[in-house]
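In the part that follows, the structures are each spelled out as structure tokens.
In the two assemblies presented below, subunit A is common to both, partnered first by subunit B and then by subunit C.
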Partner chain A sequence: MTAVERHNYDVVVVGAGGAGLRAAIEARGQGLRTAVICKSLFGKAHTVMAEGGIAASMGNSNPHDNWQTHFRDTLRGGKFLNQWRMAELHAQEAPERVWELETWGALFDRTKDGRIAQRNFGGHEYARLAHVGDRTGLELIRTLQQRIVALQQEDFADAGDFEARLRVFQECTVTRVLKDGERVAGVFGYERESGRFFVIEAPAVVLATGGIGKSFKVTSNSWEYTGDGHALALLAGAPLINMEFVQFHPTGMVWPPSVKGILVTEGVRGDGGVLRNSDGKRFMFDYVPEVFKDKYATSEEEADGWYADPDTHRRPPELLPRDEVARAINSEVKAGRGSPHGGVFLDIASRLPAQEIQRRLPSMHHQFRELADVDITAEPMEVGPTCHYVMGGVDVDPDTAAAGGVPGLFAAGEVAGGMHGSNRLGGNSLSDLLVFGRRAGLHAARYAQALTASQRPAVADAQVDAAAAEALRPFSAEPAEGTDGAAPAAVGAAGGAAGGAAGGAAGGAAGGAGGAVAPPENPYTLHQELQQTMNDLVGIIRKEQEMEEALTRLADLRTRSRRAGVEGHRQFNPGWHLAIDLRNMLLVSECVARAALERTESRGGHTRDDHPQMDRRWRGVNLVCELASPPDQLAAQDPAAGQITLRRRDMPPIRADLLDLFEKDELRKYLTDEELGQ
Partner chain B sequence: MSTATVDNNHSAALDAAESTDAHLITVTLRVRRYNPEVSDQASWVDYKLEMDPKERVLDALHKIKWEIDGTLTFRRSCAHGICGSDAMRINGRNRLACKTLLKDINPEKPITVEPIKGLAVLKDLVVDMEPFFQAYRDVMPFLITKGNEPTRERLQSSEDRERFDDTTKCILCAACTSSCPVFWNDGQYFGPAAIVNAHRFIFDSRDEAAEQRLEILNDRDGVWRCRTTFNCTDACPRGIEVTKAIQEVKRALITRRF
Partner chain C sequence: MSYTGHFRVWRGDAEGGELKDFEVEVNEGEVVLDVIHRLQATQAHDLAVRWNCKAGKCGSCSAEVNGRPRLMCMTRMSVFAEDETVTVTPMRAFPVLRDLVTDVSFNYAKAREIPSFVPPPGLAPGEYRMAQQDVGRSQEFRKCIECFLCQDTCHVVRDHEENKPDFAGPRFLMRIAELDMHPLDAAAETGLDRARTAQDVHGLGYCNITKCCTEVCPEQIHITDNALIPMKERTADRKYDPLVWLGDRIFRRDK
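Let's turn to the complex of A and B:
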């Protein structure tokens, strides 16, 4: 038996971004002993990168705003594929969560009369985003971190122990959710610093691990975003939904190469920035889709009038939902009207005085000056789409955030699916984190509380041993046997031809072994090939043959990843950590590719070149991904079989009073005649 | 531009642009390596790399890690200066590796990269941040108010909010604290970052515990240890006027006005 450190808690939260910290605060508030586990240092979560703001219909900037309008915008943005109950709860509870954050000390930009100011954003009918400059995510995380420090000091005063009820395990990675029969029993993980394994026994586990962006080459996501929670859920037996929907944020930096993908906040457009092609044309007027025609301006005069007088002007088309803008930029570049480095121009310099730009967008000003040598108060930025957010995630109960089929498992934030449908509106992610983070923490606590001591699940030693053996695999990577060594080399070289230097290097290394025993694969090389594959073949515009090719490459990568070997010891060994993360990225990438291949229409964050239209018959369908082979045979030898099975599931009909919030004419664009008849 | 081969996005064209290496330069990264499992002694190791001068020190470290030595260890997260994970000593000055372009630090000569000072090194460029975060926690970095919680937001004027705007920008990267000679000599000193975070609440019009925080900083390890060398202000990657904030706290201690 492997000797591992064991801890015992009531609720374990995996992830310490906005959703995880909010969940932990809630669970501890219910009086339960709560552990939070994060891969980075406490307070460094990816949430800090959110710039624009938190969407909440507080009505501070426009008194007409209310939750119904926010709900309506959210469904429009998600092309009606949203889990409507989640969208309803989100719109209703977001204001309370923002006010709560303010009472905990968060800094906000203010209106003249001292209330929280709200800014415009794509897809939101009213100025709705509570914000602080362009560092809202940082302030959100800092405030939750401060709150946790405050609670720990309260616990010290009460019990003489800062960590009596709330402990943060930082720089730790969870590799398995452990189970007792069908139920959650805890988690298995390792300390990144020492490489030591640990088990936390707990009846309730909240996944709050964020997204999957590191499976793509051009991404705004940070290194933690390796789909850990998505994979942990699958491995524990919980299904994922909507994995075909990946949001490409329209405006990432495209130059210089080292910072390609880093985000340029939508706030630039909300504050008046416009998109131009190489002819200097404001091209977004050409890309307003049929479903939004009556809501967006048709001339520059009308669009420009909207900033000062939104009640009598229609919105500028630069503020269409993100999927529309990303596709438009992609089309302009493809048509040869792009900027020198393959993007388009985002111009705020000619729209606002320099001083005003510096005041409203200080981080952007700083970011471009330091990283691209561009002064955004004097010249336009070059921007292009970057992988930003995954709408798909764990299939959860809308009210309780409980994962399907696995009692004791909960999920909140980006790792949960459904809330945003096929496309998320800007600003709806920070509010999502707070609303559903709180709900997940609350219901995880209630679930744990309801168990008597004898009902609590137990962690079997065999599970711990299996998890430890799996984690240690990269230190004893299998050599490729005999002639098998040649096959991956050939595929590696093919990948290299399409995918740049990374694939070529791997092919060369494997081939150089002369077909006898191939050396272990470099996990970094595998990762780069994975990113290139997803970027090129399952990216912003998709085609059937390319996705089939992607599945073939993923299968090959999965086989080769069995030989991902690492040097050195377990102490702070980043190569080892990546080798473990690869399992997760390969799992979620397969989900994305399989679901995207299956959905033969274009909707939100899923665009099919071979099926360019939105199809009302697909509107009420979720694609559900589940693990195909049992976890202990995860690294299946048979590449063709794959790890994921896919099934279609009808969504519950949208409640009548919520449908009544829309005009019949609009509903006709989304719902089938049959659905409208009911 | 031609996007004929892979026409589904523009990455092919960009990849082509990246692969022309005429603009690459050879840089030497001289990295302070330390692995207690191998040796008690840290040592300098040189890595010669072909890099674009517009790439960052973080890119160079990644290149080493991904292509030369997978055991090289450093912290990083968001990679563009918001999370504050990758503060390190580059050419003798504290900076964030993700915000330092090679062309700006004299790449003709070897570029030295070592861990920030004053905190125990765990491995390579990774230090023990616990004393740093302990000082942060000691200044009670959270809003303290009396009376009932409001049902909506508290009101705060733009002027009142502006008063402490600068110190809310802190990303807790420790670049300031680990550049402070007083902190190097005596790890008991709270250090600039903790004082910055106390300042953030002392000058917040909503907070009602400024007196308590001032008393904490009136301690022998508090603000009076500051020798106003301005190292912290120079080191701050967020451009916070750290020394000024410390001076404001000192003045508040004398005048009891904040």
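Let's turn to the complex of A and C:
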């Protein structure tokens, strides 16, 4: 049996971004002992990168706004593939969640009469985003972090212990959700600092791990975004949906190479910035799709009038949903009208006074000055699409955030699927985190509360041993076929408990050609190849042949990743961490590639060169990914079989009163005649 | 465009360590963190370094570059001559865990010692009204990304471990100022004088306004001028103002 540190909590939250912290606050608020686990330091989660704002129909900037309008915009943005009940709850509850932040000390930018100011963003009919300059995510994470500290201070006053009911396990990574039969029993993970393993026994686990962007080469996402929660859910037996929908944010930095992909906030366009090609033309007027024709301006004059008078002007096409803008930029660059470094120009300098740009967009000003030697108050930025967000995720119950098929497992935020349909609107992510983070925390707490002591699940030692063996494998990387019994290929100075026994025992077939001893694989090289594969073959524009090629390469990478070896010991060893994360990235990448190959239409964050039209018959279909073969089994090495099975599932019909919020003519663009008849 | 740069990186752990020399490729437009990552990928897979956003927003990759506290992701290689040796060491004020990673738990302990925001009684969520010019003062301090470079550089604790228990450091003294200037914070109504506790409990008096913290702040927050000095002035006024002194005596009598 593996000796590991064991803890016992009622609710474990995996991830300490917006959704995770909000879930933890709620679970602790219900009186339950709650643990939060995060890969980084507390307060560094990827949520800090969010810039533009939190979408909530508070009606401060435009009194016409209400939840129905927000709901409508969300469905339009997602091309009606959204889980409509989630979109409804989200639109209804977002304002409360934002106001609540103020009671915890958040300081948003203000309107003239002292209320929370709201800014324009792509796809939102009204100015709707609560913000703090262009660092809204930092404000959100800091407010939630400080709320957690406030709760810990209460517990200290009550019990003399800051961590009596709410503890943050910093710099820890969860590698497995543990189960007792069908039910969740806890989590297994390691401390980055020491490399020691730990188990937290808990009847309820909330996944709030964010996204998968690190599987792509050009991305706005940080190293943490390796699809951990997606993979943990799959491995625990929960399905994922909508994995074919990956959002490429239209405006990432393109130069210098080392910052390629870093986000340039949509707030630049919300505040008046325009996109131009190398001819100086505002090209977005040429890219307004049929479904949005009557809602966007057709001339520069009309578009420019909208900022001051939105009631009698139509919106500038720069503020189309992100998928549309990203495709347009891609087309301009392909047509040879790009900027010198392969993007297009984003111009705010000629649109606002320098002082105003510095006030509204201080981070962007700083970022370009420091990293690219560009003064955005004087010259245009060069921007291009960057992998930003995955719409797909754990298939959850819309009201409770409970994952399908695994009692005790919950998911919220980017790791959950459905809410955003095929494409997320800017600003809807931060509100999603708050609304569904709270719901996940609440329902996880209720689920745990309902269990009597004798009903609580137990963690079996065998599961802990298996998880430990899996995590240690990179220290004794498997030799290639035909080298049975040969010494482990990598330096095996694993150190600590249970080092040696684990790796070699992991049976299975590696795919090397017979005879020769294959050297251990460098996990960094494998990661780079994976990123290149996904970027080139399952990127912003997709083709059948390329995706088939991607599946073949993924199978090869899976085989080679079994030989990913690392040097050194377990104490803060990034090579080891990456070797473990590769399992997750390979799993989610296969989900993306398989689902994208299956969906023969273009919609939102899924564009098929060979099926360029949106097809109404696909509107009501979710593609469901499930684990077919564990990573260490033979079929996983076969490109045709792989680790994932895919099935189609019809979505529940949209409730009639929600459909009534739209004009019949608009619905005809999305729904089949059959659906309209009902 | 590319050249071979000479790096010296501190490698070791709590037991000890040393500077190791590396010859490594450097490309146009890169920052120090890019080069550290290249070392990891090609020469030292187990080189420990914290980082997240790589855009100066999360405050994870703090270290000392040629002796100066800096974010590695915001330190351009172009500021060094091609033949210059770039020395990267962990933050000095905190115990080393491994290589460039330090134990920053001091900061999280200090964060817990600062009393939290007190919401104004009688105002429901959604009823808060504040003027932009009033929130602007605290907003400047809320730009803090908690890189802890100010804590690292502050001479009160940089080489004086013995001062750590009594001194919150610039970041958390600034946090007190932020709450003190929050237009709706109701701490005073509960009997908490934030500025005074900064002086009496959190070690504001140790600060002799050398502005080292302000100089290293990657967010260019005016920590000394806008947060620490106003708080010092307020507590000094209160301490030495005879009317305040008298008032304190009178109103405290019935408590």
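Quick note on the criterion: the second predicted complex is superposed on the first by the 632 of 678 C-alpha atoms of A that agree within 3 Å, B and C clash if a C-alpha of one lies under 4 Å from a C-alpha of the other, contacts with A are read in each partner's own complex, and residues count from 1 in each chain.
Convention: a residue touches a chain if its C-beta (ideal position, glycine included) is under 8 Å from a C-beta of that chain, and two chains touch if they have at least 3 such contacts.
Since the model is a prediction, treat every value here as computed from it, not as a measurement.
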First, second, both or neither for A:E193, with subunit B first and subunit C second: both
Residues of subunit A touched: more by subunit B or subunit C? B
Just to be sure I read the superposition right, which of the two partners does A:K217 touch: subunit B = first, subunit C = second, or both, or neither? first
Regarding the shared-chain residue A:A87, is it in contact with subunit B (first), subunit C (second), both, or neither? neither
With the two complexes superposed on chain A, say which partner A:G539 touches: subunit B (first), subunit C (second), both, or neither. first
Going by the contact rule set out at the top, does A:Q367 touch subunit B (first), subunit C (second), both, or neither? both
Who does A:L41 touch here: subunit B (first), subunit C (second), both, or neither? both
Which partner does A:M243 contact after superposing on A: first (subunit B), second (subunit C), both, neither? neither
Touching subunit B and also subunit C: which subunit A residues? 40-44, 46, 48-49, 58, 99, 102-105, 107-110, 113-115, 132, 135, 137-139, 142, 146-147, 149-150, 152-153, 193, 222-224, 256-259, 262, 363, 366-367, 370-371, 522-525, 528, 566-569, 571-575
Looking at the complex, which residues from subunit A come into contact with subunit C? 40-44, 46, 48-49, 58, 95-96, 99-100, 102-105, 107-110, 113-115, 117, 132-133, 135, 137-139, 142, 146-147, 149-150, 152-153, 156, 162, 170, 193, 222-224, 255-259, 262-263, 363, 366-367, 370-372, 522-525, 528, 566-569, 571-576
Partner subunit A, residues of subunit C touching it in the complex: 13, 27-31, 34, 40-42, 45-60, 74, 76, 97-99, 101, 104, 108, 111-112, 115-117, 119, 125-126, 128-132, 135, 138-139, 142-146, 179, 182, 185
Quick one: in the complex, what on subunit A touches subunit B? 40-46, 48-49, 58, 98-99, 102-105, 107-110, 112-116, 132, 135, 137-139, 142, 146-147, 149-150, 152-153, 193, 217-218, 222-224, 254, 256-260, 262, 330, 333-334, 336, 338, 341-343, 363, 366-367, 370-371, 373, 384-385, 498, 500-501, 522-525, 528, 535-537, 539-543, 546, 566-569, 571-575, 609
Spell out the part of subunit B that touches subunit A in their complex, as residue ranges. 1, 3, 6-15, 17-19, 35-37, 52, 54-56, 59, 65-67, 70-73, 75-85, 99, 101, 122-124, 126, 129, 133, 136-137, 140-143, 149-158, 161, 164-165, 168-169, 171-172, 201, 204, 206-207, 239
